[in-house]
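Got a structure for you, questions after.
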Amino acid sequence: MFENYFRKKVEAIEVKEKSISQLLAEMSQTAYQGRKLGEAVDVWEAMLKEKDLTIIMGFAGSMSTAGQWKMINWLIKNRFIDVLVSTGANVSEDIVDAMGLGYWQGSHMVNDEALLKADINRYYDVFGKESDYRKMEELMTDFLLTLKTDFVYSSTELLYLFGKWLSKKGIKSIVAVAAENNVPVFCPAISDSAYGEAFLMAKNKGHTLLIDQVKEFDQFVSIGEKAKDIGVIYIGGGVPKDFTQLIAISVSPKTADKGVPGREGFLRKEVKEYYYPHKYAIQITTDSPQWGGLSGCTLEEAVSWGKIHSKGRRVTVYCDATIALPLITHALNERIKARRKGPDLTWLFSQVS
Amino acid sequence: MFENYFRKKVEAIEVKEKSISQLLAEMSQTAYQGRKLGEAVDVWEAMLKEKDLTIIMGFAGSMSTAGQWKMINWLIKNRFIDVLVSTGANVSEDIVDAMGLGYWQGSHMVNDEALLKADINRYYDVFGKESDYRKMEELMTDFLLTLKTDFVYSSTELLYLFGKWLSKKGIKSIVAVAAENNVPVFCPAISDSAYGEAFLMAKNKGHTLLIDQVKEFDQFVSIGEKAKDIGVIYIGGGVPKDFTQLIAISVSPKTADKGVPGREGFLRKEVKEYYYPHKYAIQITTDSPQWGGLSGCTLEEAVSWGKIHSKGRRVTVYCDATIALPLITHALNERIKARRKGPDLTWLFSQVS
Amino acid sequence: MFENYFRKKVEAIEVKEKSISQLLAEMSQTAYQGRKLGEAVDVWEAMLKEKDLTIIMGFAGSMSTAGQWKMINWLIKNRFIDVLVSTGANVSEDIVDAMGLGYWQGSHMVNDEALLKADINRYYDVFGKESDYRKMEELMTDFLLTLKTDFVYSSTELLYLFGKWLSKKGIKSIVAVAAENNVPVFCPAISDSAYGEAFLMAKNKGHTLLIDQVKEFDQFVSIGEKAKDIGVIYIGGGVPKDFTQLIAISVSPKTADKGVPGREGFLRKEVKEYYYPHKYAIQITTDSPQWGGLSGCTLEEAVSWGKIHSKGRRVTVYCDATIALPLITHALNERIKARRKGPDLTWLFSQVS
Amino acid sequence: MFENYFRKKVEAIEVKEKSISQLLAEMSQTAYQGRKLGEAVDVWEAMLKEKDLTIIMGFAGSMSTAGQWKMINWLIKNRFIDVLVSTGANVSEDIVDAMGLGYWQGSHMVNDEALLKADINRYYDVFGKESDYRKMEELMTDFLLTLKTDFVYSSTELLYLFGKWLSKKGIKSIVAVAAENNVPVFCPAISDSAYGEAFLMAKNKGHTLLIDQVKEFDQFVSIGEKAKDIGVIYIGGGVPKDFTQLIAISVSPKTADKGVPGREGFLRKEVKEYYYPHKYAIQITTDSPQWGGLSGCTLEEAVSWGKIHSKGRRVTVYCDATIALPLITHALNERIKARRKGPDLTWLFSQVS
């Protein structure tokens, strides 16, 4: 019985010169969240070595103002992720920086009324100029005016076209690099961001667009239908996580009762349909399970839903992503030297290419 | 100088028989989050006594599975809120309960693989039957099949019609009671929920709907244009909070540089537009500011953005909403005896009535 | 199988007039932390109805500055707790208030350098005068000067004598009311507070006392030896919780291998000793388990240690105590009308009476 | 005015090969807690370059079971800390590992009743054998039996002697390495740990010791009297942090009204005494300010108390120490190549050497 419990010793870390990857490997032999952070690198590494895996990242929060967006570009370029599901903030506020305007290191203890008067927006300890934000919205509006008003767009189609447009201008934001690499970007609550405001600015110029949530969800779910296996990485929770979870259980309503050919699913008896739990999952969160919400819930809770595979590899790291993401990406960079070849998802853009 | 700091003493609470409202009043004379919870009742009470205020609630999380949804109905019936901005979860999972199917008290320490096999979905310490969830989705699909496929719906139009439809069937869910009381419900990420799955189930039957995010955002922002002042109540963060914040700064792009007649706004100099910060704000959250995200950020941070008024009344309570919401609603019930008359927002439904 | 999972429905709360106790009973039929708070009242009520139970409260933090200390007095007077284990802060800062000096409602967003210059100490959103704090320390020093310098005191002996002394002066602080009711107060890190400073102030007057940690721990553990069963209530974690947990496994080293006559213990095989896990446990905490520390760890973790009984009743509520404590005490007040008769612990004071 | 707000840009991190120190330097140019973690290295580096600074570490939690204790030894050997204030857990549970017994990587989702039956203690996701813990307590008791029963010990004296004793046996635990390097270790709640149990095991053999809290506090405060400036590092909160904060305001009651010669203090007007706020402060915590407790409170709150200097350098990092400590120590190792010469504190051991 003791053998079951006592398989691997905790190894106290000795301080000496080592690489980032090596330190994280040593942290994986310790405990608490240090161990989890180390394990996250191992799980991601395993994903990258898996054949025929579609890797989806849910990317919440306001990470682009915090100097994190170029790491997402790096992940896309190396195809360490195949699909990005993002808040509107993360794929709009990066553009301010990519335009060369940027953000400033401020303080979270400051007189916010004075900031308002100085036309400064605060993101915790980051300061941004309202006028820079507005320049980004104007650029966005310029792009929107190039779109057709009689076409029904999904968010991923719109962001693909935007990416192409930005790329040509040399503005290498996340959607630009994603478009260059044929990585689709979904943004289920797109109007809840600068995009929403730009939609109205375009409308004000007589250019009213149609951004359809049914088409978007249908396209997203279709990725699941065509995938062999899915691995997910959640930076924060919110809509990006919840939406990405849904792909596991919303696959193919047409054929749900027969199952997707070639995929091993789980038959939910009562509803007589096949679910396809995600095989790998990494979750970086600062939320906690006890509040009952989706953002902080354990990956185990998702097992009950058939959203995460009980036999797959999974790890939750309770840590600010501004700490976890730099460490994980740099460790991956040391471990994996070749660009990964992900699944071809260009069919998603067929109507707009 | 001492007078500035020493105005109101902390009063230690004496245990004796008292009403809920009285206890919360006493808590407002203490400290930390107990004080804040007491103050939240006072701020909401002040909102209800204000003439010509539009009260918008952002309602995140999965609160309906947790026995909280009838309190939202009560708030709507009494018009203690005028507009609801919700996650898809909160205005779909309540329907399971309103249908008489319901949820069960479970445990958060349980074998989730066994739950999956028993067709049970877990929400922290709540158990729900997957087959009941499916029945709700089928009901939803039945409704969707009554909609027009050649009409561009906003989420609030769709949920208004759904409410009417449910109400007729005697299923008194949140959207049903909202429709009965002409309270609009917005759901910016509607496909990220049972609605998304029902959209596909309808599509599978050849009934493909169009749910437009531009129309939704336009309608939402129009509320701001017509309001004199706005008060907000955030139960959790996420999209419902962020979206509701935007109304303050997205008002009337047409007239933004002149200002809305009759409203006192704040002129943002650099961008030369008027912003209309929310006058009152209550935030119930379990998130924290230090992670830099919108869900946990302070209401002061929102002052820098022009989203919350620096001179208005505001309070953040760090507390699980399943504790805060019952207490606040019951205290309000003791203090305010008459139904409030909110602003008329029926114009939002004019295209679908 | 379904019967095991589906025993008790979640009942959505209806807003109407009700007592505090009734609302908490209804909350116990919901979910997440609202449910837990409701259950905490039930578990405490069960403790109070148990014959021959010693109830120990671990009381951490700085609750006395926050208007919470009179509720502790009420619990002591009603003998709803039999032993208090406290930080030094909680049983010294209350004295400032009991002396009629008090604390003020301040703000947590303030210029702390300005406060320093104004001789104001800040406790989150509470302001206190440094000079009032000093008056309390001087009173404490006056008392210390009445003690013998050639006697070895435990913290509980010292605090009992201090309570008697304060009580005579009409200063009804926690230790005063505890002494009046023969409730022992332990303070394992007593010098980490105003007491430490007062020890030095007395020493400076040539009056050097001896406060012994061995005697204190021996006395505390002796309570366990004489108890039939123990119930614990943790307001916060820290030393008060950890120390109180130890009583379960430190009972009677003399007789540990035979077991305490009349008590049903758990024989830890390898070490061949009996442990006496606490039968009831309530934990109110704002910490979380994932950090690996004692303050946030689950009561289940304590089961592995033999500190909490696997078959006993236990509940953890993740909530600020300034919210939970007023609610629980007022609900208890409505439910339990008679003073409880706790175990006689006056033998602890035999050397100093 | 803009110059005040816009001094330093947020620099988005580019993924490429770099050292740990370099990555942390880049993180210090981002935002949120990633920035703070980077800044923590800078502040510590500045402390190490300061002449005549006494560096005190407050070390809470159960870090030794989590593979963190050898990093503390490394800090002591390099004299990157001069004084350690610890929980009992951290300077006893390391001994199990130093004895060659150790801990195992377990899971935090496990049947704790089964663990109890298998004589396993759980620390979140770490498993330890109760019998190994007992062996450590027996070793501790063997040492205690070498002490004098007619001598009044402070915790730091006891731990110094224990360190010497362990060192001779080749058991290189924290107190052993501390004794070898003349670094005093304080443990204000020493009986709240294996030490408490060992005190009783010794007593049971007729060997009753005297561990005095007045002497301990007096010795600790004397460090402040002799220091020119103090820098503090808090790993977690609790008693170690609170106790270390006190040194700033408890200096020299004898001479407090005149001030310590050669030190620049802050005269608190009302109480007419000099306080000596800590010049540098680093705080690694997973707690939050809003609960009003000492463990989570900001370093700014401490400014109001005169415990932290308003003009000094300080940084709080909200992060699990099992992530922060390895990163910070390895970055320091890359930056600082020579052992630091700290202040001579051997006078603390004069009575027991």
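Per-chain numbering from 1; labels A, B, C and D assigned in written order.
By our rule, contacts are C-beta pairs under 8 Å (C-beta built on N, C-alpha and C of every residue); 3 or more make two chains touch, one makes a residue touch a chain.
What you are looking at is a predicted structure, and each value in this text was computed from that prediction instead of being measured.
S.K.: If I average the CA coordinates per chain, which chain comes out farthest from chain C?
M.R.: For chain C, the chain whose C-alpha mean is farthest off is A.
S.K.: More contacting C-beta pairs: A-B or A-C?
M.R.: Output for the comparison: A-B.
S.K.: Please tell me the distance, in whole Å, between the geometric centres of chain A and chain B computed from their C-alpha atoms.
M.R.: Spacing between the chain centres: roughly 26 Å.
S.K.: Determine the centre-to-centre distance between chain B and chain C, using the mean Cα coordinates as centres, and give it in whole Å.
M.R.: From the centre of chain B to the centre of chain C is 38 Å.
S.K.: Where the centres are mean C-alpha positions, what is the separation of chain A from chain C, in Å?
M.R.: Here chain A and chain C have centroids separated by 45 Å.
S.K.: Please set out, as single numbers or ranges, the residues of chain A touching at least two other chains.
M.R.: As it turns out, chain A has residues touching two or more other chains at 31-33, 66, 109, 115, 120, 123-126, 129, 288, 290-292, 300, 318, 320, 322.
S.K.: Can you list the residues on chain A that touch chain D in the complex?
M.R.: 1-2, 5-20, 23, 26-27, 29-35, 37, 65-71, 74, 97, 102-106, 109, 115, 118, 120, 123-127, 129, 300, 318-320, 322-323, 325-327, 329-330, 333-334
S.K.: In the complex of these two chains, what residues of chain B are touching chain A?
M.R.: 60-62, 66, 89, 108, 112-113, 115-116, 119-126, 129-131, 134, 152, 188-193, 196-197, 199-201, 203-204, 208-214, 216-218, 221, 236, 238-239, 242-243, 246, 249-250, 253-254, 266, 268-271, 286-295, 297, 300-306, 310, 320, 322
S.K.: Mind pulling up the chain A residues that touch chain C in the complex?
M.R.: Per the touch definition, chain A meets chain C at residues 31-33, 109, 288, 290-292, 318.
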